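Shared between the two complexes below is subunit A, which has subunit B as its partner in the first and subunit C in the second.
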Partner chain A sequence: MDSIFGLQGGDFVIVACDGSIAHSILKIKETEDKILKLDDHKIFGISGEGADRNSFGELVHKNHCLIRYKTGSYMNLQETAHFVRSMYAQAIRSRDGPHQCNGLLGGVDSDGTPSLYWLDYLGSLQKITRGAQGYANYFLLGLLDNQYKPNLTKEEGIEIIKKCIKELQTRFLIAQNKFIVKIVTKQGIEAFTI
Partner chain B sequence: MSGIFEYNGGSIVGMKGKNCIAMACDRRFGQQMSTITTNYQKVFKIQDNILLALSGLNSDIHTFYALMEKEINLYNLKENRKMKPTTFANLVASSLYERRFGPFFVTPIVAGLENGKPILATYDSIGCKSDLDDFQVGGTGGNYIYGACEAFFKPDMSPEELEEVIGQSLVSGCDRDSLSGWGGVVYVLTEQKLTVKILKTKQT
Partner chain C sequence: MIDFDPSTFGLAHTYQKEDKDEINTLALPSAPQVIYKTLNGPTQINGGNKLTNFKHGTTTLGFVFKEGILLAVDSRASMGSFLSSEQVRKVIEINEYLLGTMAGGAADCQYWLAYLANHCRTYELKNGSKLSVAAASKFLQGILIGYRNSGLSMGCMIAGTDTTGQHLYYIDNDGMRLKGDIFSVGSGSTYAYGVLDNHYRYDLSLNEAVELGIRAIYHATHRDTASGGVVRVYHIHKDGWTKVHDGIDVVDLHYQFAKQKGLVGDGDEAKQRLF
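Right after this comes the complex of A and B.
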């Protein structure tokens, strides 16, 4: 039921998520932040059951830090994406089974190049310029394809995200009022709620 | 899951020519009926004279490709020489059989040039090697591509002819398969060079 969607612009990446936690017919919380900050220039939006989301998120975050301590620097986006993919891929044939969550990993490298990666629970990995996880796929991919153009500015990107949110609020059966949006640029991460 | 091999979709085809080989693949990556990207690479250059095409589950394509890269790099370091295409073809078969009771959900095609002689091999997901035919197909659109290949193929084609024939076969096949398409990429390998061409297919 989570919606995670994002797009990559000329010098930034945006990942947005809905804020709701539901339990059967009850909405427990509306302001849950499902986008994990891996470091100052990387964010990982995770969609899935609460427990899997939290535990896999922590696993990725801590391993990411461990590699930083072992090697002396944080991995760049491509390395991080492949590393997270390998965690997913190892799990699918393990005793405990796959990590039941999907993700969108986005960020900006030290040279300013933005990237956005689509990861799923089986260990699929694709570099994308716009995409979504979960039910949001069905509602937003057409809109994102239509609105996207290469080298978007930050303001244009935010406008597109606002249109996506409006679309979900209009057409998606599950009412999702609050959305958390995070933007990564060379300067860092900005977060706000829409 | 209607079929783990059909989950992500995709088609690949390999052909032998006169002292050359060609591989082609489509560009779609999807989740059952939904398309995620249209620039998904399924053919990998393992060595200057070996190409590996993989179709099936995206995750296992990444994993199996990484495994083969590792094997060939270790081989180069240990033996201080390049791997022959026939050796690599055997390596793929044994690597797949190692996972006999928990297989990789991929159907590989290996193509290479050994002393100018074209080598082409295909496998099922548990490593049964088949290297006697002049063209091989794989993936969800495989059966459709077979028909086009039978019609267009003739033995000992030049690289230009081969590129044309394999391109047409791929396009005809993928246009009929809903899980493959969104463009095609053709790789033609000769002794001198590797050419890569991107084709347009029906945009659905």
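Right after this comes the complex of A and C.
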């Protein structure tokens, strides 16, 4: 039931998530941050049940750090996306089965190029400019397609994300009141709640 | 489709199935149908609705406020419709700076929290400093992720104090670990949340917080059949934990709160009269 959605602009990437954790009919928490910070210029929004989201997120984060220490440099976005995809793919026919979570990986490379990748629990990988995971797809893809244009500015991007949030709050059966939005630019990551 | 039995040939007879069975067959004596119901307490009332299938027949709650953390629990253990105990200790004292609450399978909670206590003490002896609440709860999460599909049933809260302050974590058998300010776990948790969300503020004083915890548990035990017994309250502060109340009978609380409102507490507030 998580909503994760994101947008890539001219020089930034935004990934937003809802903050709620639900257990049968109860909303246990409303301020859970589902967007993982991999390093100063990469974020990974993960959608899935609690334990899978947590444990896969930790796996990606720690392995990402390990590669940096082993090789002495940070991977760029394309390398990271393919690395995460390979982690998903290795798990598919493993004893414990696939990692039951999907993700949106976004970030900005050191030369300033932004990219957003859509990752699936079975190891699908697609570079996109706008997208969502979960039920948010149904409500937001039309809106994101309609509002997107090439080389969006950061302010325009934030406005579109606000419209997406408003749409989910209007039309989605499940009440999602708090959203956490993270923006990556060449300067770093900004986070705020709406 | 009418079955033409030669014995009724020629009769203007509407064939009833029951007649035929009575005359022509030796039926087995009818036995009462045995329906195997799962021992799940409140779910039987709901007809076994999966959404409201709260396995953990209990109410426990905890919240963070300016004076630390307050934990309040009930003390009822039920096996289906049988009350096995009204005096269970659902707050497990892991060590002098960590507490765990129990919901779900008592055996699972008691065993794994004792295992955690062992691990905390070993760490303390090996490393010369106490394990933080975050690390202790993460250790437990790791265990529960490993046993994920084995049928463990635990919905516990780990609350404690360390050098960074007082922290409250919720951990369940699915391997989920959440840090938060207010949690309530168990079949009565929805009722407790109602009271808790309404009156909670971070800047409660200790007395107000204890009162809130007691009230929330009382309301949960009043409406939830699987919660009851006595209320036990613990307070976690920077020097460890204190047991504030060891057991306040919820029945006494019921009449006490009713009296505060000028009511008798016999449930006849609507004054239903039939004649």
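Operating definition for what follows: the second predicted complex is superposed on the first by the 194 of 194 C-alpha atoms of A that agree within 3 Å, B and C clash if a C-alpha of one lies under 4 Å from a C-alpha of the other, contacts with A are read in each partner's own complex, and residues count from 1 in each chain.
Please note the rule applied: contacts are C-beta pairs under 8 Å (C-beta built on N, C-alpha and C of every residue); 3 or more make two chains touch, one makes a residue touch a chain.
All figures in this text were calculated on a predicted structure; none of them were measured in a lab.
> State whether subunit B and subunit C clash or fit side by side on subunit A once the two structures are superposed.
fit
> Figure out whether A:Leu26 sits in contact with subunit B (first) or subunit C (second), or with both, or with neither.
A:Leu26 contacts subunit C only, not subunit B.
> Given the touch rule stated above, what does A:Ser55 touch, subunit B (first), subunit C (second), both, or neither?
second
> Once chain A of both complexes is superposed, is A:Asn146 in touch with subunit B (first), subunit C (second), both, or neither?
Neither partner.
> Using the touch definition from the top, say if A:Ser110 reaches subunit B (first), subunit C (second), both or neither.
In the superposition, A:Ser110 contacts neither subunit B nor subunit C.
> Taking CA centres, what is the subunit B/subunit A/subunit C angle in steps of 10 degrees?
Result: 120 degrees, to the nearest ten.
> Examine A:Leu125 and indicate which partner it touches, taking first as subunit B and second as subunit C; both and neither are also allowed.
first
> I want to verify the contact counts: of subunit B and subunit C, which reaches more residues of subunit A?
Looking at subunit B versus subunit C, the one contacting more residues of subunit A is B.
> For A:Asn177 in the superposed arrangement: first (subunit B), second (subunit C), both or neither?
After superposition on chain A, A:Asn177 lies in contact with neither partner.
> A:Gln187 contacts which: subunit B (first), subunit C (second), both, neither?
The answer is neither, since A:Gln187 touches no partner chain.
> Enter the shortest inter-chain Cα distance between subunit B and subunit C once the structures share a common frame, rounded to whole Å.
Here the least C-alpha separation of subunit B and subunit C stands at 23 Å.
> Of all the subunit A residues, which ones make contact with subunit B and with subunit C?
Of subunit A, no residue contacts subunit B in one complex and subunit C in the other.
> Which subunit A residues qualify as touching subunit C in the complex?
21, 23-26, 28-29, 31-32, 49-51, 54-55
> Can you check the complex and tell me which residues of subunit C touch subunit A?
51-54, 141, 144-145, 148, 170, 172, 174-178, 180, 183, 189-190, 193
> Over in the complex, which subunit B residues touch subunit A? Could you list them?
Touching subunit A from subunit B are residues 8, 29, 31, 34, 36-37, 40, 57-60, 62-63, 102.
> Could you list, by residue number, the parts of subunit A that touch subunit B in their complex?
Listed in rising order, the residues are 85, 88-89, 92-93, 118, 120, 122-128, 131, 137-138, 141.
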